[in-house]
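Labels A, B, C and D are assigned to the chains in the order they are written; within every chain, residues are numbered from 1.
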Amino acid sequence: MRIGVLTSGGDCPGLNAVIRSVVHRAVVDHGDEVIGFHDGWKGLLECDYRKLDLDSVAGILARGGTMLGSSRVQPAHLVDGVERAKGHVADLGIDAIIPIGGEGTLKAANLLSEAGLPIVGVPKTIDNDIASTDVTFGFDTAVTVATEALDRLKTTAESHQRVLIVEVMGRHTGWIALHSGMAAGAHAIVVPERPFDIDELTARVGARFEDGKRFAIVVVAEGAKPREGSMEFKTAGTDIYGHERFTGVANQLSAELERRLGKEARPVILGHVQRGGTPTAYDRVLATRFGWHAVEAAHRGDFGMLTALRGTEIELVPLAQAVETLKTVPAERYAEAECVL
Amino acid sequence: MRIGVLTSGGDCPGLNAVIRSVVHRAVVDHGDEVIGFHDGWKGLLECDYRKLDLDSVAGILARGGTMLGSSRVQPAHLVDGVERAKGHVADLGIDAIIPIGGEGTLKAANLLSEAGLPIVGVPKTIDNDIASTDVTFGFDTAVTVATEALDRLKTTAESHQRVLIVEVMGRHTGWIALHSGMAAGAHAIVVPERPFDIDELTARVGARFEDGKRFAIVVVAEGAKPREGSMEFKTAGTDIYGHERFTGVANQLSAELERRLGKEARPVILGHVQRGGTPTAYDRVLATRFGWHAVEAAHRGDFGMLTALRGTEIELVPLAQAVETLKTVPAERYAEAECVL
Amino acid sequence: MRIGVLTSGGDCPGLNAVIRSVVHRAVVDHGDEVIGFHDGWKGLLECDYRKLDLDSVAGILARGGTMLGSSRVQPAHLVDGVERAKGHVADLGIDAIIPIGGEGTLKAANLLSEAGLPIVGVPKTIDNDIASTDVTFGFDTAVTVATEALDRLKTTAESHQRVLIVEVMGRHTGWIALHSGMAAGAHAIVVPERPFDIDELTARVGARFEDGKRFAIVVVAEGAKPREGSMEFKTAGTDIYGHERFTGVANQLSAELERRLGKEARPVILGHVQRGGTPTAYDRVLATRFGWHAVEAAHRGDFGMLTALRGTEIELVPLAQAVETLKTVPAERYAEAECVL
Amino acid sequence: MRIGVLTSGGDCPGLNAVIRSVVHRAVVDHGDEVIGFHDGWKGLLECDYRKLDLDSVAGILARGGTMLGSSRVQPAHLVDGVERAKGHVADLGIDAIIPIGGEGTLKAANLLSEAGLPIVGVPKTIDNDIASTDVTFGFDTAVTVATEALDRLKTTAESHQRVLIVEVMGRHTGWIALHSGMAAGAHAIVVPERPFDIDELTARVGARFEDGKRFAIVVVAEGAKPREGSMEFKTAGTDIYGHERFTGVANQLSAELERRLGKEARPVILGHVQRGGTPTAYDRVLATRFGWHAVEAAHRGDFGMLTALRGTEIELVPLAQAVETLKTVPAERYAEAECVL
């Protein structure tokens, strides 16, 4: 069998672990050939690839990033290229394609699958927003990095008697904020799923100070917004060069809380550090299992499917179903977090 | 409501996070009173306890160990004390007891529950061997610590051209060996569930050297044993003072592989470092959720139950069922690991 | 002997380790009494303090922040309070004061010392800018945190084919930028001591891409500025509420490099995470030694002095000398770093 | 210029950082050629080497181990090979050799230097026992790894009410024990420089329990021994296969303390994990500076010298002087540590 693998979309710890696992399972156990397309779908469209043997994946298990490179391709662009992709697949004699990517990648994978390409997708997102799997690799690493930062920030906030507003990743969902906030014992957690009321949030943080505490940590997902009419809020702004830039919820929340509370408040924006670097053991195991099961699915001819974690098992779910909805933080999970505040 | 909490059995990262969560949920959200018994069941039998308010659990979320202390009590001893325990529970006006512990503790909890005490158990084991829950807190930390050690050992094994036999925890089950071995890319994983054949293992490790590799890492669970007749093996020995001591599989395996391969082999025994220290973010979140749901169960009167993770949900399972079987590494999971070797 | 200790200025990992060491050495070995003033000089001026015995410092060695709290006091305010401070010292029967702080604190300490108070200072700065000591505690932790972040960012920058501009602490000196940049193999290091030429920097980063590399990491100290006339640069701006705020060199540099290179460039601002949390082993040892030697100095009557690391020894230097100059990155050290780029 | 570099002796975090720095400085800044000999002196004797260009050292800065491999060569064997080495050096047109290694390597380097080879040595030892430099790379990493383990072990010792005897590296000197013990707040530190009195040690540990404490941590260097006549002690033993093996001080001390105190005592042997894996930021900076200065020395013709850290400067010291004495823990440093117990 000849298998093509590619990684697409934003960086995510564990991508290399999937690639390695695919190569090990396919080459060692099945005697397959594996090639890797460079820079995501682009590599497939432009027939830019390399052979992947055991030596080529030595030492990458614990490394962040992706040895194959990644890029973001517009779905429209991909649709136009379906015939070209099919041609390359035929020319290269590829029996299965394993794309590893997030929501956008899986939608593209579904399109190509419906167009007849033999695809087994592997879900990837640090945001944990893919509904068809309990969790994906990358999320645990992002939460771990955010929690370590929060652990550090707690002592410094206490010493400076400050409110720290810590912005973590999550444009549409608050999973990283929820888990890192619970893990670090944050005093308020603000997620996109629940627009915040600035009066309520101020009261909550203020209550800590009235209670004699000397600091507070607020974790906020980058996509969080105030309830309409709750406070003035800019979702975009211009930087000093006049470029449109996302202004940032932590900056605005910090200024507003400082004004209302009369306490020093400071934003901390964790940024890209959450999606880079060595994956946690959890993510390496999950990524390795996904790669193994993707190869098995290909050998069974289970195409148009996605690997998914359900409890402790890896199962396959239809790609079409996987991309239907975003997994958001449900009210019950948010309620659990409120108790620890 | 008045709730008593206690921690029993071996140390496990996340115990403090459960205690804190119980106190937060019970005191803040329900207006309950919480007391903590000292040193496990002993505290209940001897009526040795302290009040737990919010201040008493401040700052413990990220701390290893247990603020309440722990001990191992013989079940027989506990059975004799049932009436005494009941008396203390009545005297103290306790409406619910939340014991946090492993297999032994849960068996004891079941006994006491059957004797009429109002118990909601919380499972705890770094070994991941409790069948009724997908996973318990402590396991992720143990795997993380073992994986970090393996990451470090890989480079040194390579530089010294050695075989390293790394012994991790797991007397009856090989979960820590399996996951840390997969996460670190170990070249062989030896678990108690599958007695090893020394010829096979030697061949496997030897093949690496024939293949031009300069080192090998073997991860072995402390409870692993050779297949009968496979090699001479001592399960216990005497130390220099004549005390009976467990001799250690890594030591024996290391000596045997060195003799057979003619390559320097060295044992590394990770030991207690796997069960101490700050819990991972994953374990803190799980422990916090367990504590929250245990309090809820108590308020609903769901006694004789155990909190359990099923997929992404916390559910309750009967204590009686929870202690029936040990969760061992199934053949399929072991097969997945073989592909990465 | 009765010793008063206080911590003043910004947060710095290792403060608690000094406090603990002072208490251990003084109480255990000399039979002294130790009190801790709350919130820096403020505690001395307002006679706000607590007794410090062995139990009170248990478990703080590895903890970030300061158990005594800190604050920034205006020197002028302190000068006005000299007589009040003297009165409190006399009333409390204090024989020695050990203030732990940075440049501002040590200047204040020198003032009070010249006014006749018995002072042994302990230097503290994550910035490494105190000239009279080879290094102070806090710096190693800050560099370690920054390096870990840079390690993570490298893989993500490579996967996204980006330029990342990483802003680390250092308003007046570039030590954290220099060391973390060397440790992580950054491709350019920008420090306040050497105003950067934007053409030169662009050429340097651009050369990497011409050379076929896919990413670049630039480490920049927060106080770095362009050479005059090199590029438009705002040292302060207003936030959305009209507050004057420091605009940030990483934001501006990122926008400018993106414009000039035609490559995606992104700022990452590490912020307070560098000065919080558990100190490294290096910083704990140094902090502990400083505390020990400060107590010894007090017992010998060596007042008006500062503990300092010189090579492997802890020595005492006059406070007056300690505050004369800032230790900046010398040209030779910067030249060493250029070779690794 | 043509420079040969090699790494010899035990593994040590930072070796790759030196190699990388040598290549960067030599190739980029001087236009030199660099070759790396494989497996230490063996590569020089057998003319086994590879060219080192910039690409060959990409990504190794943060990696443990050595990309060139290492081995231990008997000095006698090396003496016999001096003429052969000279021949290879002449044939390859090598102008300078930079051996990176510990005490044994530096002695060999001195021999070869006296025989006329152009050598600039770089000191390497996790043990910190080379007298001519304040510190070498590798030591900080070893101390950091040991301290992290001790931090973890403290909580578990407390929960189990145990004495833990933690054996760290250090056959002849107690530096790792001293620094990690100070950093983690161990309750006793046992070093080879001061044979321990078992009565005294028992009293010290016992005093903690009398004082109401529930646990104790003893850090012991692997080369530590009891004062003569103090207790029965075996410095070597036989394993189950009859091989002579070092019995281990932690095992014996643990058994003896358990017997004398009547408290559960357990040995933990950290082992090779201390010398593997990614170097700390401190070690990476020091290793990078050593490499840079070694190249500079070669270009100035400063042969027969060793790079050394003195305060904050890198200096050169004669190889002959460097190997004269071992740097042991002085009484004053040990006294500082006693105060923290």
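Here, a contact is a pair of C-beta atoms (placed from the backbone, for glycine too) under 8 Å apart; a residue touches a chain by one contact, two chains touch by 3 or more.
Just so you know, these numbers come straight off a predicted model, no measurement behind them.
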Checklist entry - Farthest chain from subunit A, comparing Cα centres? => result D
Checklist outcome for this item: Taking each chain's centre as the mean of its CA atoms, subunit A sits from subunit B at a distance in Å of 30
Next on the checklist: Using mean CA coordinates as chain centres, what's the gap between subunit A and subunit C in Å?
Outcome noted: 34
Checklist entry - Rounded to the nearest whole Å, what is the centre-to-centre distance of subunit B and subunit C, using the mean of the C-alpha atoms as each centre? => result 41
Checklist entry - Which positions in subunit C touch two or more other chains at once? => result 151
Checklist entry - Which chains are in touch, pair by pair? => result A-B, A-C, B-D, C-D
Item to check | Of subunit A, residues touching subunit C in the complex | outcome: 10-11, 15, 63-66, 69-71, 145, 149, 151-161, 164, 214, 232, 234, 237, 239-241, 243, 247, 251-252, 255-256, 259, 266, 268-273, 275-278
Checklist entry - Once bound in the complex, which stretches of subunit D touch subunit C? => result 20-21, 24-25, 28-29, 61-62, 134-135, 140, 143-144, 146-147, 151, 179-180, 182-185, 280-282, 284-285, 288-289, 292, 310-312, 336, 339-341
